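One chain, chain A, appears in both complexes that follow, with chain B as partner in the first and chain C in the second.
Showing the complex of A and B:
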């Protein structure tokens, strides 16, 4: 359960942006917030299984590229139709310039 | 006794409105009336590859349990037949009636009928899930499908039919497909994608005759070419469902006419979604009617808010998407408001056309590319359009300049 996996270098993601990370057959989305913190959620929208990493990050919100379902990527909370199921979130830490996520 | 909220039309718009009333804290009666037997469901999948699975299913926007939990009464398989505005009563096709405090008309639209003799049982239209199932039964390898109308419904169905191995011919009377609202440069990409997948597109051809004998359909084009199909799907646009409103004396102007708050001339009656026309402030109050999924959602929610007295104007930028094969097209804004075009190339052959009005004001953006390649930039363009921004054309055209940076300007 405590598997920390290296996802990318901290500088690979711009501030207020998102990147896709695939690991062991699962897809994750890694976020860098405007205040330079990192977060991770499951990679696919709960509405129609679209990769969220193609979406737009504005402040705390990731918006699905397909149908504009919105989630708070810090908490995973669904914030706007058509999204109604929350995203799973995963612990993230930055260590020696690397972004690590605990894939659980 | 509180009369409560009644919503006529249980599609995306009506369903969202009902849920929004509860989200907004309204505690009185909410009744949702729909003429289909189903829960409110998403219509966009009906023309797309989602229908190509073994057992296509409805994608409902709410469950019976959710409606029960939120005390939303859903009356299905019943039509509203009359509104008595003075008495604040709606009469239903089952003989019952509902009294309302506020009424929302979310009656949607229906396919425009092709006014030609010779149309028979093998000539069909797509609007409902049941329509989609009936079409699906004919989309198999070896079957011949004729699509009449090179608009989005027809082209998406063409792609789905090819996926299932059917032979597909698309007939479009206009000189090219997607004449309405889609720039020629983007229509050409879609045209080529269809041809590469084996679809025969006959554009610029009117239909001279149709003969449907119940087993197959013979279509003769104006130039004498003949197409024989096992099924003809007619997708030549939609018309708003306005009869109920018209008979109640409400104004009809390319849809049920509402103001920017989605209110009709009767302060207790609102209309939203495909069935209504409304003024769009970002285009100087131009009256439009949108047949789009997101608009149905947004207006459903806005109407709910205004039924509760919020008095809020519709300010959303029109937004639309289509999926065909691996391509996604997205359009924000109304491109016919533009006078010039700036092109921005993205990775993987994707590109966006920015439509600029006088003084370089950004009024629309149309993008196409594989997967969701254009989604992020179209979303940013939508925000720029909403701000009535006039970004430098050279910045819009350069992939090196992030669109997000233009938002802050």
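Showing the complex of A and C:
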């Protein structure tokens, strides 16, 4: 269960923004909050499998670029239609300027 | 502009549970990946930024004008002086609510979500669109824009029913269907078509809203009977008919006469340059190709988006009149040949249409 994977450099993501990370055939979304904390969720919207990394981060919300479905990216909770199913979240840590996520 | 005759199967079956619905899934047209113009992430992020200020300003103007014109209509009720007041009131009630419902449904008009929700509920009531049903139907409209059998919001089906189009300038058929749908939902019945796009857990909400609305309309009719006056209905309900003209006029231009069953919004949507009053009523939805390509961009940023990507889009239609000069002949042509459509020409700077994505439409070969 210690399958930490290096996703990107901490500075690759702007504050209050999101970045796509693909690994082993799976897609993830990595977020940098306005408080300079990092989070990760599955990369595709649970509504219609659109990449969330093309969406908009506002405070602790990620909004899907296709239908504006909303999720709390810190908890994965669906927060607005048409998003009804929660996102999976993944542990994240920053080590020596690198963002690592536990993809297991 | 090029006129095209496609070889799609005819007649089209627009039922959401019918033959073309199944064909769309089999052909990969349902929930497909659509073409979009490339924009740098930083630029797109700037365009997507939400702000309360423009929508608060516009909503104060909108509600203020609504209240003043409604009060003027009531004050002069019984004389011809009420006509201009009800003209303004009706247009604000029965037309500008189309764009308010739409933008707030996307959640892009305001940054603050409760403001989007409040204006959404109010506008839905005025335009007579169940806020639950239409939230989900519009989601499908964006997933499968003008895909036959999938899109529940195709305004003009082929061959065009021109009588229906004309009647809807006065809201007649739309309001009738809205009322019958409301009564059906209020009785607890969700149709088979509605079940194809409204998740099961959301359906009770549609029923609850329909019951609240029915109670409001019954109360309004009761008041009109009590007062022996049409005035209550002139203020609630009837403006959806006498004020519908503007939203139908602008709404038909969105996709009318253009391609169906394609996955490039440059082929099935139309951007039209308009006067500032229509753009206020319509909340910039005249930039319709841009809106469909990037639905996250708020209405107030659409002109900027248009400037940024116009090199990759067909030239905008220069006016409402020009749009109708293009669209009406196409509708008339579709009466004889429902496969006919208008193909918008791209500028030399644009990435070409991907013919392989639209291989059921012989776009290059069949130009007339």
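Everything below uses one rule, namely that the second predicted complex is superposed on the first by the 104 of 104 C-alpha atoms of A that agree within 3 Å, B and C clash if a C-alpha of one lies under 4 Å from a C-alpha of the other, contacts with A are read in each partner's own complex, and residues count from 1 in each chain.
Everything that follows uses one rule, which is that contacts are C-beta pairs under 8 Å (C-beta built on N, C-alpha and C of every residue); 3 or more make two chains touch, one makes a residue touch a chain.
Just so you know, these numbers come straight off a predicted model, no measurement behind them.
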Where does A:51 make contact in the superposed view: on chain B (first), on chain C (second), on both, or on neither?
first
Touching partner for A:36 - first (chain B), second (chain C), both, neither
neither
Taking the superposition as given, does A:15 touch the first partner, chain B, the second, chain C, both, or neither?
neither
Which of chain B and chain C A:95 touches, first, second, both or neither:
neither
Is A:70 touching anything from chain B or chain C once the two structures are fitted on A? First, second, both or neither.
second
More chain A residues in contact [chain B versus chain C]:
C
One more residue to check, A:6. First (chain B), second (chain C), both or neither?
neither
Which residues would you name on chain A as touching chain B in one complex and chain C in the other?
54-56, 63, 65-68, 81-82
Seen from chain A, its contact residues with chain C in the complex are 14, 17, 47-49, 54-56, 58, 63, 65-68, 70, 80-82, 84
Would you pull the chain B residues touching chain A in the complex into a rising list?
16, 42, 61, 293-294, 297, 301, 319, 321, 328, 371-373, 375-376, 379-380, 404
The chain A residues in contact with chain B across the complex are 16, 50-51, 54-56, 63, 65-68, 81-82
Chain A-facing residues of chain C, complex:
31, 44-45, 48-50, 106-108, 111, 113, 135-136, 139, 142-143, 199, 201-202, 294-296
